[in-house]
Amino acid sequence: MIVSLKQSADPAAVLRALASRGLWVSQVEQGAGGAQCHYVIAPHSAAVKVDELAAIEGVSGVTTAKATHPLVERQGPVVDVGGAKIGAGSPAFICGPCSVESKEHVSLLARRLSALGVSFLRGGAFKPRTSPYSFQGHGVVALRWMREAADATGMRVVTEALSETDVPAVAEHADVVQIGSRNMHNYALLKAVGRAGRPALLKRGMAATLDEWLKAGEYLLSSGAPSVIFCERGIRGFDDATRNLLDLGAVALLVHVHRLPVIVDPSHGAGRRDLILPLGRAALAVGAAGLMIETHDDPPSALSDGPQAVPLEAMEGLLRELDASARAAVRRCEY
Amino acid sequence: MIVSLKQSADPAAVLRALASRGLWVSQVEQGAGGAQCHYVIAPHSAAVKVDELAAIEGVSGVTTAKATHPLVERQGPVVDVGGAKIGAGSPAFICGPCSVESKEHVSLLARRLSALGVSFLRGGAFKPRTSPYSFQGHGVVALRWMREAADATGMRVVTEALSETDVPAVAEHADVVQIGSRNMHNYALLKAVGRAGRPALLKRGMAATLDEWLKAGEYLLSSGAPSVIFCERGIRGFDDATRNLLDLGAVALLVHVHRLPVIVDPSHGAGRRDLILPLGRAALAVGAAGLMIETHDDPPSALSDGPQAVPLEAMEGLLRELDASARAAVRRCEY
Amino acid sequence: MIVSLKQSADPAAVLRALASRGLWVSQVEQGAGGAQCHYVIAPHSAAVKVDELAAIEGVSGVTTAKATHPLVERQGPVVDVGGAKIGAGSPAFICGPCSVESKEHVSLLARRLSALGVSFLRGGAFKPRTSPYSFQGHGVVALRWMREAADATGMRVVTEALSETDVPAVAEHADVVQIGSRNMHNYALLKAVGRAGRPALLKRGMAATLDEWLKAGEYLLSSGAPSVIFCERGIRGFDDATRNLLDLGAVALLVHVHRLPVIVDPSHGAGRRDLILPLGRAALAVGAAGLMIETHDDPPSALSDGPQAVPLEAMEGLLRELDASARAAVRRCEY
Amino acid sequence: MIVSLKQSADPAAVLRALASRGLWVSQVEQGAGGAQCHYVIAPHSAAVKVDELAAIEGVSGVTTAKATHPLVERQGPVVDVGGAKIGAGSPAFICGPCSVESKEHVSLLARRLSALGVSFLRGGAFKPRTSPYSFQGHGVVALRWMREAADATGMRVVTEALSETDVPAVAEHADVVQIGSRNMHNYALLKAVGRAGRPALLKRGMAATLDEWLKAGEYLLSSGAPSVIFCERGIRGFDDATRNLLDLGAVALLVHVHRLPVIVDPSHGAGRRDLILPLGRAALAVGAAGLMIETHDDPPSALSDGPQAVPLEAMEGLLRELDASARAAVRRCEY
């Protein structure tokens, strides 16, 4: 946003009027001979109405940049997943194992989780692994196992598509198609998932700006996805004391400024099982629509990411604590 | 931490036993001829007892690295500031203007804030500014104004020392001496503040690792500071949509693993007044001992950082909301 | 790498012996009762022989981590692309437009570039764009235009595959299949490109560690690619004064420690046409096997990335300067 | 920079005219009703003359931001240090131990280095160490040792001031006062060093933007320093394969756009002795005015940073190689 000044303006007075509305001036631009003066407003300024600024004494004009992700801006904060709402009030819990390991296994987990009130079953059939020599997931058969486990318990399935060629199979079995962090910039996959016509859960790329994330959402919506749920799972940091750097400021921005549904994944965010409760609470307090939490009945035998999985027997306590926090968080943003 | 295996061990079984305790193996080390095998445990693993690991079948030994900040590790989560406790239960609010502007001004703010139950008055007498041509603070006289305003209202003073030579004056007038983000690595200042014998509030450097932050605390304690309060205010990010990148994962780690008192500064964390409530809530939910919030009776006329200051008339509502959130956050970490 | 000490060792003497070989000890690990002492060697240490360390007095054993990208380690620094070598001595220049715009256009560029001694023609038929509303490339027809232009001039074609489904067409027309920065973690694409059996040029992801980059190369080789050329084009930085942050330290490491062929892309690295010469020189001086440079006969009319394109009429001077620098850089690494 | 359009302008034609000059448009700003249209030019654009842009058809006006570091912009690329020039042609080598260890030791190093043609002797009397328990330097006495060693050999002394109170002593003994990376934002120290009236060598902060770095230089010059030499030593990265992330793109920008003298420190840049030659070559090729290299006659016994020190007996070969590269780098920037 640029606020232009009249020749007759008192620049300091305009500056004060902008500051009073929470606007930072990142640059003062001046024409040769002082003919023109523009204030460039920094992106990290509070949201304000253009009309209000245009009416400030001494302001000759206000310009704004056109939204580059119009469909995302229009979507709104509530998403419907086969009748279950995300973003409508009580938090959505998306739980399950990192990898789907067997039919019996995912069925057991679904029964136990649904008994605890968890409505969304997550699990990896296709796993993006840094090394080609790591376990890559059981593939299509695991999709079927998840679908059956979910159907038997009334849960919805959230699972990742890694390859364009797998999208039809994933979309057939899943209620929500997940795009992993490593694929946020994979535009071919985004288009394929969009065409499949399912709600998508879009994890943020490891070093993606918010603008890039929103535009990746725009790829999904403009290709046919009915809705996008954003998921923050931590970005690349410089400190190995946590696995990733969970950016709850970005969540605040997407929720309160862009009015979008955001899920937070504290399992990947910290990589430490012992921080999932405090980070989960913080995520709900900041306005997240729900949490994605890796769980396992027997973490030591998990085929991937065991150390960050919450043991199934601890889930009841964890969810109770998180639910209590969520009820307490009224999530009003005005004061 | 390194877990060494016996020749006879089943490596996969040991791996499972480690995963079940929330430990990530970051590296598998092997001697020539397979004679030795070590598992190097990643720093982002859950905290565990060494004895428990040593007892795992197949483990021949466990080694750990000596704490490099022993005084910090010993301090504990509660700090006494002239009789007022930080970290003892209800959140500490540290509020006031970015810069102390006049005797009347800081006195007015102190009366209004203390009436709202705020116990700590913040304000800059010496301001670290990126440009030498920006307002640098009113200096020593502003320290006196703050002290008088605080004494008249029963508040404690938190203010920053920028220069070693100013430390004695700052320590004379302040209850807590603040070290700003830009000076976290300024060891001469840390030693001078330590020698002054006051509790210190240590902001994290813009790109400081947690280890560097803790060691900066060690400089303070080993030079004579009675206690250190850590303060997270956002690190340098790559996205200009927020002013800084608030790292609540680091707060979780310092609070729940290192058991230290941490204050969060959502004003600098986001730079956006409209995100202070959700980020403040998140900070309390994650376990912060309190919040530092910039406020001003007339943000447009603030001498610095006006756009992020919460108008005084909005503080009552903001604090009420934050207090409610804090009461709801039971801050239990086990489940 | 871990160096373990005998009970009888003088720890300080061993430390000195390690330092004298350029090794940093990142952690000193101690068993309970002092029974065991390990030195963990930091990754940013000089490369040394294990035998030499094992022979140091007081050392009881040395362990190392198994290479996690064995095929990449085995490849070597020279790659053959249809008879043209990359990494064999004189620098490879890979030049052409950001997007292939028309048959005539790419043919003109190929004639002009080959006359300047450029052997590799680059150009985008499929373009990864942050916004779904930006020009996405002319697709398959542009591949044919490039092939014809290259065949007419004896050049090799380097072009990007964005989608798994396009890989066969790209591999049919290209001599080298490029994986873009945004797709470095797109394992489905890496496997598809590997299966196509062409040399691959693998750009580094925006926030990829060197280990992740090397493992992405391992995906290519283990899926069937005959060779991988690595390409550094700048990672995500926090400063908008340059478009990206060109990491020539990473290039030095891949070239001199891992002995791999690395191409540097100074066009994306800086985003500024006026820094392509100094950064190009630096890249060759650090040991890069060649440069990828965007050029255009008429930058203002370029369909994408015009501002960083070098005008065709300036290429002759630029290449002459770069060639002179390259000849001067003897690229010996011992001294 | 903002380029404003006439109502009658053809926006696409103006865009092309900007691109042809290497300018990126980062934002298109539009007034309500389409009354105004501004193009905001991205910082990573090529440098151009305002007049030339104002003359483009359809452009109604061009504004620019006032330089926020006018003294730095005015300084120029050549700095005089007691008669020795930095930035005037042949590269300046600033060599010596990390810490000054004894009178004899620094005297030996000075004799050996000056015999190799090195004109600047570096060495730490005061050492900024992450831990309060590490060796902190021999202090004032080490300054005297350095001065004597330099005087006996005709060298200039470059050494760091850590504390405001030490600045007078450092300035008395040194020809150039160094500000370390950790103190780039320490404005009290910058002012004290400026007042001392010596040329300053200003290392870039670990996460400092170029604008912050230039403004720190402005602190020095506006406080009285006769000149500032900038020094890039690597910023904080996310990859532990190198000790720091050497940002040669920043060097290119300071040298070729801001026309400033920049020294590069490849010892800290990589932390690896085996990459000093290629990174040193790259630094000279990109336009650095010289190199700072840690050396030691007996690296194993170095009191700090031994692993990155180049053994004295290898310095001759290293300097010969670097000199040859430098002579070859004509450092013309136009082509």
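Just so it is clear, A, B, C and D label the chains in written order, and each chain counts residues from 1 on its own.
Throughout what follows, a contact is a pair of C-beta atoms (placed from the backbone, for glycine too) under 8 Å apart; a residue touches a chain by one contact, two chains touch by 3 or more.
In this text, all values refer to a predicted model and were calculated from it rather than measured experimentally.
K.L.:
Suppose you hop from chain A to any chain it touches, then on again the same way; how many hops at least until you reach chain C?
P.N.:
Step count on the best path from chain A to chain C: 1.
K.L.:
Out of B-C and B-D, which chain pair has the most contact pairs?
P.N.:
If we tally the contacting C-beta pairs, B-D comes out ahead.
K.L.:
Quick check: how many Å separate the C-alpha centres of chain C and chain D?
P.N.:
About 26 Å, centre to centre.
K.L.:
Give, as an integer number of Å, the spacing between the C-alpha centres of chain C and chain B.
P.N.:
Going by mean C-alpha positions, chain B sits 40 Å from chain C.
K.L.:
So the centre of each chain is just the mean of its C-alpha atoms; given that, what is the distance between chain B and chain D in Å?
P.N.:
Comparing mean C-alpha positions, chain D is 31 Å from chain B.
K.L.:
Got the chain D residues that touch at least 2 other chains?
P.N.:
207, 211, 236-238, 240
K.L.:
Mind pulling up the chain C residues that touch chain D in the complex?
P.N.:
16-20, 22-24, 42-47, 207, 209-211, 234, 237-250, 252-253, 255-257, 269-275, 277-279, 281-287, 298-302, 306-308, 314, 317-318, 320-321, 324-325, 327-333, 335
K.L.:
Report the residues of chain B in contact with chain C in the complex, numbered from low to high.
P.N.:
The touching residues are 1-2, 4, 27-32, 35-38, 40, 50, 54, 61-66, 236-238, 240.
K.L.:
If you look only at chain B, which of its residues touch chain D in the complex?
P.N.:
Interface residues on chain B, with respect to chain D: 68-69, 128-133, 162-166, 182-183, 185-189, 191, 205-207, 211-212, 215, 218-219, 222-223, 235-236.
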